[in-house]
Amino acid sequence: MIDELIYAAATLMIWSALYRDNPLFKIGQNLIVGLYLGMTITSGLDVLYRKAWTPLFIEGKFLSLITVGTIIGILIFARLIKGKEWIARYPIAVLTAIGGSVAVSGAMGTQILGQLQMPPLTSIDNILMVVGVFTSMTYFLFSVRTQNPIFKLSTQIGKIFLMVALGCMLGLEFMTNVSLPIGALPHLVTGPGVYVTIPALIILVAAIIYDSRK
Amino acid sequence: MSDKYSEAAGTFPRADRIIWLIFFIVAALPIMFPIGLPLDITEVTRDYYATIEDIPEAGVVLYSFDSGMGAFAEMGPADIGTITHLTSVMKENNVKVIFVTTAGPEGQVALNVILTQYVDMSGLVYGEDYLNLGLIPGYESTLAALAEDLHKIAPTDVEGTRLTDIPWIANVRGAEDYDIFVFSTATSPDPYPRQWAQYDKPILAVAQAATASWIRPYHEAGMITAYLPGQRGGAEYEVLLGAPGLGSSYMDAQSLTHVYAIVLILVVNIQWYLKRKGDET
Amino acid sequence: MSIFKKKEMIQLAFIIPLLFLLLTYYTGAMKGIRSDILSWGPLIVTFTYFLGLATVFKHNILKIQKKERDWQYLPLLFIGFFAVLISKYTSQPSYDWLINKLLLPMQIAMLGYVGIYFFTMYFRGARTRNWAATVVLGSAIFTMFGNAPIGPGIHPVFAQIFMWIKDVPNTAGMRGLLIGMGTGIILTVVRKVMGQERALISGEAENV
Amino acid sequence: MLLLLAAFIYYNVKETEKGNVPKIRTMPTIEAISEVVGRAAEMGSSVHYSTGGGGLTDQYAAMTISALEIMGEVAKVCGEMGVEFRYTCNKAELVPIAQDLVKTGYIQAGNDAMYHDAMVVYVGEQQRALMAECLSYMLNERPAGNMMFGAGFWETEVIMGAGAVIGAMQIGGTPRLYHTPTFIMTCSHALIGEELYVAGALVGKADRDLGAIKGVDWFKFICLGLIGLSAVLSTVGSTLFQYILSL
C-alpha cells in the first residue's frame, strides 16, 4: 500500500517537469543520480570482491594472471593524477584490444559470412531478398565513381530497401518508446496510486489557472 | 510566446504540452477501462514457446539478463513470461538455469524484482535448480568467456559460493555443456549471436520491439532461434501461457496511442503541405 | 619511465593482446591463458566505475563550491549515494527497498521522458521532405498499424502487410546494413593496428 | 577471410601513401553544407552543430572523430560566409579540441576576428542537460541551420526534432542504427551507416583512411560475388556454399 503510494509519488515527481521545472523534479533528478551511483559502486565492489579479492587474498593465488589484470585495472586511476594521465592509456588499450578481438572474431562468421547465404530463387519474396541484399550493399560502395546507369540504378534500388528497413525500425521503435511511459501509468490510475494522482491533478489545474491569470 | 522554450521557467511550448496531455488521456483511459482487443499470436512466439518446451531432461540454460530498470515496462512482461515458463520446465524436466548479467548493474536489479515479486519460485531451491552468477561487467568479452570457460570468468556465484562446490555445475565448462542460450537486452542485440551462434545451440532473444527488425536477419539465417519483441511479445506469451498479466494490460493503451501517433503524423504533414503551398503562391 | 610514455609502447599494449587473442581463437591453443586474459575485461571495466565516481564527485563538489545554479539540490546526490552504500553493508532489506521501490519507479519515469519527447518533437518534425523520408514514413505507418493489436483487429490484411514488410524488404535492407557494420568493426580494428588513429587523438592525450 | 580483408586494407593504404589517392563518390550531404550555411547567411542567422553523446575514450571514438572533422569544414564555410557558429557538447574532453578546430576553420577562411570561445558550449556530463540546452537554444535563437553528426543517443530525437519544428534546414547522420531513421525523417540530406566515416575522411583529407575504405570496397565486391554464387547454388539445390563457408 505505502509502496504503491511512493511509486506513484515518485513517478509524478519526475513527470512534474513536463508542465514546468520545479523543485520536486530537481530533488528527484539528484536522488536518481545519487542512488544510481550508489548502486553502481556497490555492484562494482561486489565484483571486485568476488573476482579479485577472493582469488588473490583468500585463496592466495598471487602468482596468477589475475594479479596482472588487477594491476592493469588500477592503472586507470592515473587519470586523476596531474602529469601522469598517459599511464591510464594502457588499461584503455588493453580493454579495447580485448573488446576488439572478441568482436572481430565473432563478426566475420555471423555478421558477414552468415548474412551472405541466400535462399533459392524460387519465389518472388526470395528473389526480392537477393535483389535487396545485393543492391543495398552496392549503396555502400564508396570508391566507385562512375556514371554507369546500371550501377546508379542499383544504388537507388538499394536505397529504397534501406529506407523501408529503417521505416520498419522506426515503426517498431515507436512501440518501444511509447511503452516506457505507458508502463508507469497503471500505478497512477489504478490501485492506491489514484490517491496521489488526484491531488496532483488538482494542483496542476490550479497552476494552469494561476498562470493564465498572470 | 506559444512556441518558445523559456529557460528561466523551464517550460515547453504550449503545443507540446497539449499533445502530451492528450497522450496521457489516450493512454490512461484503456488502462482504467480495458477494451480487450484480440491479439494474434505470431509464428515466432510459438517457436519461442516450443523451443523452451523442447529443452532436454536436465538441460542447462544460460540466461544473460541485461535488460535495464528504465525499460522494465518494455522488457519486463517478456522476461517474466520466459522465466515463468522456465520454472515450469525446471520443475517438470529438472532443467537448470544459470542467470548472469554482463552489461551493467541494472540487470541484477530487474532480475531480483522479477524473481521476488512476479514469478512464483516456490518449490525451487537456489543453488540446486537455478543459480545467479551476478554481475560480470565487460559485455561482449564476458559473453565470449562464458561460452568458452565458465569457471574462469565466474569462479563464484553471487553469494560467494564456489562453483566447484555445486555438483551439477562442476561439469558445466563451456558452450558444449549448455543446451540453450537465452538473452534479454535493452540495447544492441549484435554481440550475442556474434559470440554464441558459432556453437550451433538454440538462442532465444528477449528484445525491445525496436530491435525486432534488427534481429530479423539473424533469425532468417538461423542464428537466433526465436525472439520476443518487447511488450507485444510479452503479451502474446502471456496468452500462450494462459496467464494474462502485465503485458496484456498495456496492449489496449498501445493500440490507441499508435492510432493517435498516426493521426498526429498525418495532421502535421497535411498542415505543412498546405503551408508550403501557401508560401509558393 | 619515459619510454613507456611513447605512443609506440601504448600501441604495443594494444596489438600484443589483440593478436594473442585472435591467434588463440583460431588455433585453439593456450586456452587457459586466453580465458584468463578475457577475464581481465570485467576487472578493468569495474575500475572504470570507480573512475566515474571520482569524476562525478569532483564535478559536483566544484559546483557546490562555486554556488552554481541549483547547487542547493546537489547534496541530495551525496545523501542518496551514501544511503545506498551504507545500507548495502548494514541492512540488506533497506538496500532492496531503496533500489527496487524508490530508484526503479524514478528510473522508469525518467526514461518515460524519452517516449514523451519522442511523441511531440519527433512527430511534429517528421515530414515528407524528400522521397527517402516519404518511403520511411510510409513504411513506419504500415508497421505501426500492423504491429499494434488495433490494426489486425480492424482487418487482418494490416497484419499481413506488416509481416511482409518485416520479413522481406526489411530483412534484405538490414542484411545489407549488418554486413556493412561487420566490415566497419574490422576496419576500425585494422586501422588501429596500423597505428592510423589520427593526430586528433594523440594530440589530445598530452593535455587531458 | 579476415586476413584477406586486412591484406586488402593494408595494400590500399600503402598505395595511397605512394600517392594514388582513390576517388570516392561525392556525397550530397557534404555538398549540402555550403547550402545550409548559405541559407543561414541570407537570413542573418546562425548554425548549430552537435556531435551527440559519444566521447573520445569509449567505443564511439571513431564516430566522434569523423564528426569533428566535418565540424572543422563547417566552421571554415561559416567563416567564409560570416555566419555565427555554435557547438554544444556534453563531454569535457571535446571542448579544447572543438575550440581549436573552430578557430582554425575561421582562420583558414580569413575571418578570425569573428571567432570567440563561447562558440563552444559545454553543458556538463549529463545527457538531459545537453537536451535542455540545445532545446532552449533552438527555440529561442532559431538557427537557420542545424547539423548533428556522430554517435547519437536519445538526444538525437530532441535536437533534430526541435530543429524540424522551428523549420531549420538540417543535415546529419550516425552509424548507430537505432537513431538513423530519425535523421532521414528530419534532415534534407542524411548519412546512413558507415557513410559518416567516409564523409569524415573525405572532408578531413585523410588519404590513408580513403585507402582503407577502398580496401574494404574490394572486400565488398567479393561479398557481392558470394551473394550471387550463393543464390545460384541454393537454387540448384547445392550445399556447396555452406561447405565453402565452413572452411
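In this document, chain identifiers A, B, C and D correspond to the written order of the chains, with residue numbering beginning at 1 in each.
Just so we're on the same page, a contact is a pair of C-beta atoms (placed from the backbone, for glycine too) under 8 Å apart; a residue touches a chain by one contact, two chains touch by 3 or more.
Because the structure is a prediction, the values reported are computed rather than measured.
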item	value
Farthest-lying chain, centroid of Cα atoms versus that of subunit A	D
Which of B-D and A-D has more C-beta pairs touching across its chains	A-D
Rounded Å distance between subunit B and subunit D, as computed from the means of their C-alpha atoms	31
Distance from subunit D to subunit A - Cα centre to Cα centre, in angstrom	20
Distance between the centres, which are taken as Cα means, of subunit C and subunit A, whole angstrom	4
Chain centre separation in whole Å, for subunit C relative to subunit B (CA means)	16
Shared interface positions of subunit B, touching two or more other chains	20, 23, 70-73, 109, 136-137, 139, 141, 144, 190, 209-214, 217, 232, 254, 258, 261
Shared-contact residues (touching 2 or more other chains) in subunit A	18, 29, 33, 39-40, 43-44, 47, 51, 96, 98-99, 102-104, 107-108, 110-112, 114-117, 130, 133, 137, 139-140, 162-163, 165-170, 172-175, 177-184
Two or more partner chains touched - positions in subunit C	22, 36, 38-39, 41-42, 45-46, 49, 56, 99, 103, 107-108, 110-111, 113-114, 116, 118-121, 124, 126-127, 132, 136-137, 140-141, 144, 147-148, 166-167, 170-171, 174-175, 177-181, 183, 186, 188, 208
Subunit C to subunit B touching residues, read off their complex	31-32, 34-36, 38-39, 41-42, 45-46, 49, 96, 99-100, 103-104, 107-108, 110-111, 116, 119-121, 123-124, 126-128, 137, 141, 144-145, 147-153, 156, 159, 163, 166-167, 170-171, 174-175, 178, 181
Contact set on subunit D toward subunit C in their complex	2, 5-6, 9-10, 13, 56, 61-62, 65, 68-69, 93, 96-97, 124-125, 128, 131, 154, 157-158, 160-165, 175, 177, 181-182, 184-186, 188, 190, 193-194, 197, 204, 206, 208-209, 212-213, 216, 219-220, 223
Residues of subunit B defined as touching subunit C within the complex	15-16, 19-20, 23, 37-40, 42, 68-73, 109, 112-113, 136-139, 141-142, 144-145, 148-149, 152-153, 190, 209, 212-214, 216-217, 220, 232, 251-252, 254-256, 258-259, 261-262, 264-265, 268-269, 272
In the complex, subunit B residues that touch subunit A	9-12, 17, 20, 23-24, 27-28, 31-32, 70-74, 76, 104-106, 108-109, 134-137, 139-141, 144, 155-156, 158, 160, 190-191, 193-195, 197-198, 208-214, 217-218, 221, 223, 229-232, 249-250, 253-254, 257-258, 261
Footprint of subunit D on subunit B - complex, ascending	3-7, 13, 188, 210-211, 214
